[in-house]
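The chains carry the letters A, B, C and D, assigned in the order they are written, with residues numbered from 1 in each.
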Amino acid sequence: MADAPGLMEPAEEIAYETRCAEGAIWTGTRLLIGVIAMAFAGVGFAYFYLRSVNSEGLWRPHGQTAPLLLGTEIAGAALVGAILQSYGLFRLRRGLDLDWSVATWATAGAGVLGCGLQIWELTRLGFQPGQSGYASLFVAWGPLSAALLLVGAYWSETLAARALRMKSAVAGDGGLSASQLPRARLFRASAEGAAYFWWFITTVSVLFWLLFYIV
Amino acid sequence: MAISATASAGLGQTGGPAPGAASPARGSRLNVGTAFAGAVLGYLFGHWLGNAIVSGDLYEVAFNTSTNNVAIFLALLFGVVGWLAGIGALNYPIAKIMGKEAPAEIPEEGWARFLKFTLDHKVVGIQYVVGVLMFFFTGGLIAMAIRTELLNPTSHIFGPNIYIQLVSEHGSIMMMMATSIVVGPLGNFLVPLMIGSRRMAFPRVEALSFWVFISGLMVILTAFPLGGFQTGWTGYAPLQEQSSGGMDSYLMGFGVIGTGMILAGFNMAVSIITYRAPGMRWSRLPIFAWSMLGTAGLLTLATPVLFAGVYMGALDRTAQTALFVNAHGGSSFLWENLFWFFGHPEVYIMALPGFGIAAELLPVFTRKPLFAYRVGAAGMIGVGLLSFFVWQHHLFQSGINPDMRPMFMLTTELISIPTGFIYLVGMGTLWRAKIRLELPMLFVLALYFNFLFGGITGVYLSDVPINVQVHGSFFVMAHFHYTIMGGLVFAFFGGLYYWLPRMTGSMMNETLGRIHFWMMFIFFNLTFFPLFIVGLLGMPRRVFEYAPRLQTLNDISSISSYLLGFSFVVFTINLVWTQFISPKPAPPNPWNSKGLEWTMPTPLPFHNFSRIPVILSDPYRYGEPDALPVADFGEIAAATSSTHEGLAGAQPTSSGTEEV
Amino acid sequence: MKGMPSTPEGRRLNRKHLTRLVIPWAILVIIIEPFIWFVLRNHLPPGHMTDSATGIQFDEAVVTMTGSPIVLGVLMYFGYAVTVWRVPRNAPLEDGPPIRSNIAVQAAWIAITSTIVMSMFVFGTYELVVPAGSGGGEGPTPIWTPATHKILPIQVIGQQWRWTYRYPTFGGFETDALVIPNNTEIAFHVTSLDVIHDFWAYQLGVKADANPQVDNVAFTKTQHTGRFVVRCDELCGVWHGAMYNYGQVVTPSQFMAWATSTEKKLAPMTKTLPPVNYAGYTPSANGAAGGYYPAIDPFSKVEETAVPNGKAVEDTSALRRTNPSQRAGAGSTTTKTPTGTIKKPTTPPVTNTSGKVG
Amino acid sequence: MIVLAVFAVAGSLIGYTIADYLRARPPTVNFTAGHATGQPVNLTLQTVGAIGYGPTPNWVSYLTKSPSGKWVHTTVWKVPENTRINVTVYEYDSGSPLRNQAIGQVTGVQGGTATLNGKPFNLINSFQGNGVAHTFTMPALGISVPLYGVNGSAKTFCSTAAPCHQSALHNTIKFSFMSGNHPGEYRWQCFVPCGLATVDGNGGPMQAVGYMGGFMKVVA
């Protein structure tokens, strides 16, 4: 807040607030994961509840299953995204800014791809929404899954775009990976959060892939 | 889902404006007017879209029922999006896609800033005051309409259609309001001042939470022209699937409000965890901030389950899924479980802030340190944790997991232990105190009085055999009005009288305030105490016809409710007169509090603290003449830089074990 | 400092205030507790028409006796504090003694509240389990059941917006009237045809939710004859408030007379009913009027599971009906209306048994 | 200025909402005016498959004939106490099997029977024939009469906006009951889940006073 009008901040205050902001990103990422995890926990609860209640024997007549190949591709997209984002972070820590950028753009692409596949899959189901408990829940889970992938893609995309704009400003200060400017430090904190978040997306995607397609 | 979009939104600020930053917020012409325009446009577009895309079976359903739920949902959804776009909440998330950094925060003057999307937590706090009062008065007027219908057991003023809509709207509006009544206005305004921070962690999330909250009121009110909903605020399925178009407003409304609650709690929790000033150890955190932390935890972790629930309900009504319809493989129990898994933590979302205010105000007006501070803080966190394990006590007679009832009876009764801590704190603080019965103190004492009855009747409800008698009756209804209105709302008004001089710089009128208090206290009790008896004598909730022998008690309640409503007229007159028409400047610290929030000049500087304070002590050092001041603003640090922690070495998340 | 907790002066003050608080409180408690037990208890709702009602009344008395000393103590404390330790508002500012904590008080508080809570839990569980669920709904397979096997089953059917009752042991006739014999163990099998209702027989001390396709069993044993009211206790739509009727506990011989004569009287109607099925009547969410799920007929694909308790399932498409205005001019949607499988005799299938009914 | 305009718009929206709300009550048809004590009241109703106009044109509905012979879209009547009410229902709607066949029973009417097109009956088996279209049921007085449906595929099936004309296919059901000697508002409603395309068939018109349920106000 060095720019704030009427406020002359000493250097240690700026450093302190930067540390606070870094902490906020760290904490915020974890809390965000908690929030989304609870929403998906609601869906997971519904899955096990409807399955155990099996109203009128209509939980999953005839072993209805959504298109397995598409579902695997979607979970795969999430996994690829997580691996790429983590690998990018690994390279960023080594000082390889460009590798990080490429990996992050690719991650965003994987997210958008997964989201698109998920929406497409919803139009290609072999059952109608109200036909069974499974069918209903799958239709409920699909858009949530697509939205989650889109959120991940958004995070990666904004980071990558931000890196492009920031490049020249931090060039003289060691680049994205080493600059001690507050904005570069916060950028790295966010990049770390994104990698963490992508593993969360993958966990959710794979868990539900197991529930909906395999079990 | 919008969280991550804005989660890192506030971060660019610390780094200052960078080349390529989005244009600064100064002079933004977007305000509540453009927001309304956006909402109307979005609504119309969504409605058109919904009518355009409905085909096949959905068309047949929409045709036969004359209600196109898809169109209603899309209209409401786009209405909310239009509203947010109109206020400018979406500017930055969109600019982010281009990689732009956050614009710098520019202070704005004048009343117009209160009608804009603003990042100053102090402005958001005041916006919230107006917002929750709008909710509260709307819900209150509807409550008086309900009581009007119940004046007579058999003849009807509104008739069943309108009556049930009124009941449902009252419940929903009040529940929405109560989740934010303290976190929104007082929490947003005071928490940074109390923890020694210049800002909230995510100011955009904070501002967004307010504008989402306000749109929630509009969404839930659209239920009236759409035919209302017949389910009460609990929205039990499959009645939910069957209900008329207003049900869509309910589901959308709770979805929207839920989003706002998540955003508000998220920002609050992260701010308290990471933005505490140096030296603000957990053991020095004001008890009000503890209550906000507990509440924020519940808001962020319980509300997503509600979101999932209303989302499923929306799908049942639009996409023809059958999640809550037993005959098609769903289960009506599923909604009950999801709803109450959120619903019970929500009860404590509405209780903790009241406890926090009471415990925060007591030391000031007893001139004593807070008694058993640690037990109080532990109680708040304990209540929060336990509240996730009690939800099926709402379902004792439902036939869901009947063999689990003793377990839920146990957890429910266990929760009365940490709740009892708040009485320990209160009674210990009053012991041999120098009690000054200022206006806010009256509200605090009223909270202890009312909550005692609310709490003890909770024990009746938690006991499964007695629950057979009182479940779903007016007894329950009186019970939760005693805890929420008698506890939280009293605490809110006490807090408002106490902190308004801090927020606006003007005192409220004492005489009018006392009239308000005594009317509210007496007629609150006269309204709701008879309803305990009415419930025990066999009157179910939400009925428009009842046994004629219960008319006298109901009439006492109804007439008292009008006078209770009138007490808020007194309050409103007081508020408008002393804050807008003829402000009376308040002294800098009118209550002689030792709290950190009273150390700054009035009006509050834009950045709260010109120097980040170093916290030296908790704010309850009454009766200790030798105690250090609550914080050091640089003067002491300059003189004795080596004797205590300073900025340089302090970690934001330091945790202390100092004995208090 | 004067009045600090550790000083002799502080200890003297503590003792003084404590004595002045505890003695009046103890006296009041000694007066109030017998009053609750001997006077108030017999007037507490819901009376003692059944064993579960009596049990509830007993529990209410016990909880009141536990709670009232607490309420009384807290109220007296606050009253005492406000009167004794109050300072005039215009008095000069003076701080109280800085008592921050007191380990003994805190430990005692936690110990006492925990003890009360645990005993309430044990008591509540005993009172739930021993009287066979104390009149509450126990789901389809109750685990706490009455000791006797002579139980009269009654199916309680909630529908929007009234209650009907079936007597499976009397040929399964269905009636609006709830008549039950005295001194008999009764099992209410509560179910619903549509949304969630709640069967609340107030004077019987019975309450159980009615869920569609779910059997919720509640037990009670009648002890006195008389009239009782049945209300719906779960919001079930616009007529929820009007969903009530009255029942009657009569002597066993009166009951037998009523039941056998009603069975005979309603025989023609009973023949048209499906066999008694505790889990509801018909597994269709579509209602008689054409469904919310028009194109979905899940049962056509499921062979075994769709026949609960051996009841034949009608083709759900027969439960649909045409909308006249749709037929009039709604174009393509008309093709979706099925003809149904209703047999179409030339004369209506109406019966007149009035000669026999009288 | 913008703000003022916004408030004006918001105010008028709120005003509209409240006004919309207040007018949501159906009118009351009064049978007490000019009624001579001891004389029966003739209550004539019709049920139509779709009301055909208004915001919900496809809702099924009851209509009431006012003393002046005009069909009124309402289900609220005012009748004197201790009076015989002769009810005539013209039933224009198609029927269906009942979810709870117990509603096929005629109860609580004078003589224990109603007439269907002149023929007395006290039970309809809804699984045969055209099924039951609606019922006329007043739980507090124990009155319930099922209304046999018409053939929905017939050429003369009523497909115009309400009220239906006598030339359309219909059944005529007649019965009588006493209004009792306790003044008050008695709920009556249809117990056939006929809210088309709603879950369990009990939404829409079934939950709206003025369509499939209403009040009989008995006055001294």
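Keep in mind that, in the parts below, a residue touches a chain if its C-beta (ideal position, glycine included) is under 8 Å from a C-beta of that chain, and two chains touch if they have at least 3 such contacts.
As the structure is a prediction and not an experimental result, all values here were calculated from the model.
By the document's definition of touch, common neighbours of chain B and chain D comprise C.
Between B-C and A-B, more contacting C-beta pairs join the chains of B-C.
Distance from the centre of chain D peaks at A, each centre being the average of the chain's Cα atoms. Rounded to whole angstrom, the centroid-to-centroid distance between chain C and chain D, based on C-alpha atoms, equals 32 Å. Rounded to whole angstrom units, the spacing between the C-alpha centres of chain A and chain B is 29.
The distance from the centre of chain A to the centre of chain D, with each centre set as the mean of the Cα atoms, comes to 56 Å.
The set of chain D residues that touch two or more partner chains comprises 57-58, 187, 195-200, 202, 207-209.
Each of the following residues of chain C touches two or more other chains: 194-195, 212-213, 237-239, 242, 283-285, 290, 292-296, 298, 323, 326. Annotation for chain B: residues 60-61, 63-64, 160-161, 230, 238, 241-243, 320, 322, 325-329, 333 touch two or more other chains. This structure has the following touching chain pairs: A-B, A-C, B-C, B-D, C-D.
On chain B, the positions that touch chain D within their shared complex are 31-33, 36, 60-61, 63-67, 115, 154-156, 159-162, 221, 224-225, 230, 238, 241-244, 325. Contact residues on chain B toward chain C in their complex (touch as defined above): 56-57, 59-61, 63-64, 160-161, 163-164, 230-232, 234, 236, 238-239, 241-243, 320, 322, 325-329, 332-333, 366-375, 395-403, 405-406, 409-410, 413-414, 416-417, 420-421, 423-424, 427-428, 430-438, 445, 448-449, 452-453, 456, 459-460, 462-469, 471-473, 536-538, 540-547, 592, 620-624, 660.
Note for the complex: chain C touches chain A at residues 213, 283, 293, 295-296, 298, 301-302, 304-306, 308. Note for the complex: chain C touches chain B at residues 1, 3, 13-14, 17, 44-46, 52, 55-56, 59-60, 63, 66-67, 70-71, 74-75, 77-78, 81-82, 85-87, 89, 91, 93-102, 105-106, 109-110, 113-114, 117, 120-121, 124-125, 127-129, 131, 133-140, 142-143, 194-196, 198, 200, 202, 205-209, 211-216, 229, 231-242, 244, 283-285, 290, 292-296, 298, 323, 326, 330, 333, 336. For chain A in complex with chain B, the touching residues are 1-7, 12-14, 16-21, 23-29, 31-32, 34-43, 45-46, 49-50, 53-56, 58-61, 128-137, 139-140, 144, 147-148, 150-151, 154-155, 157-158, 160-166, 168-169, 181-184, 186, 190, 193, 197.
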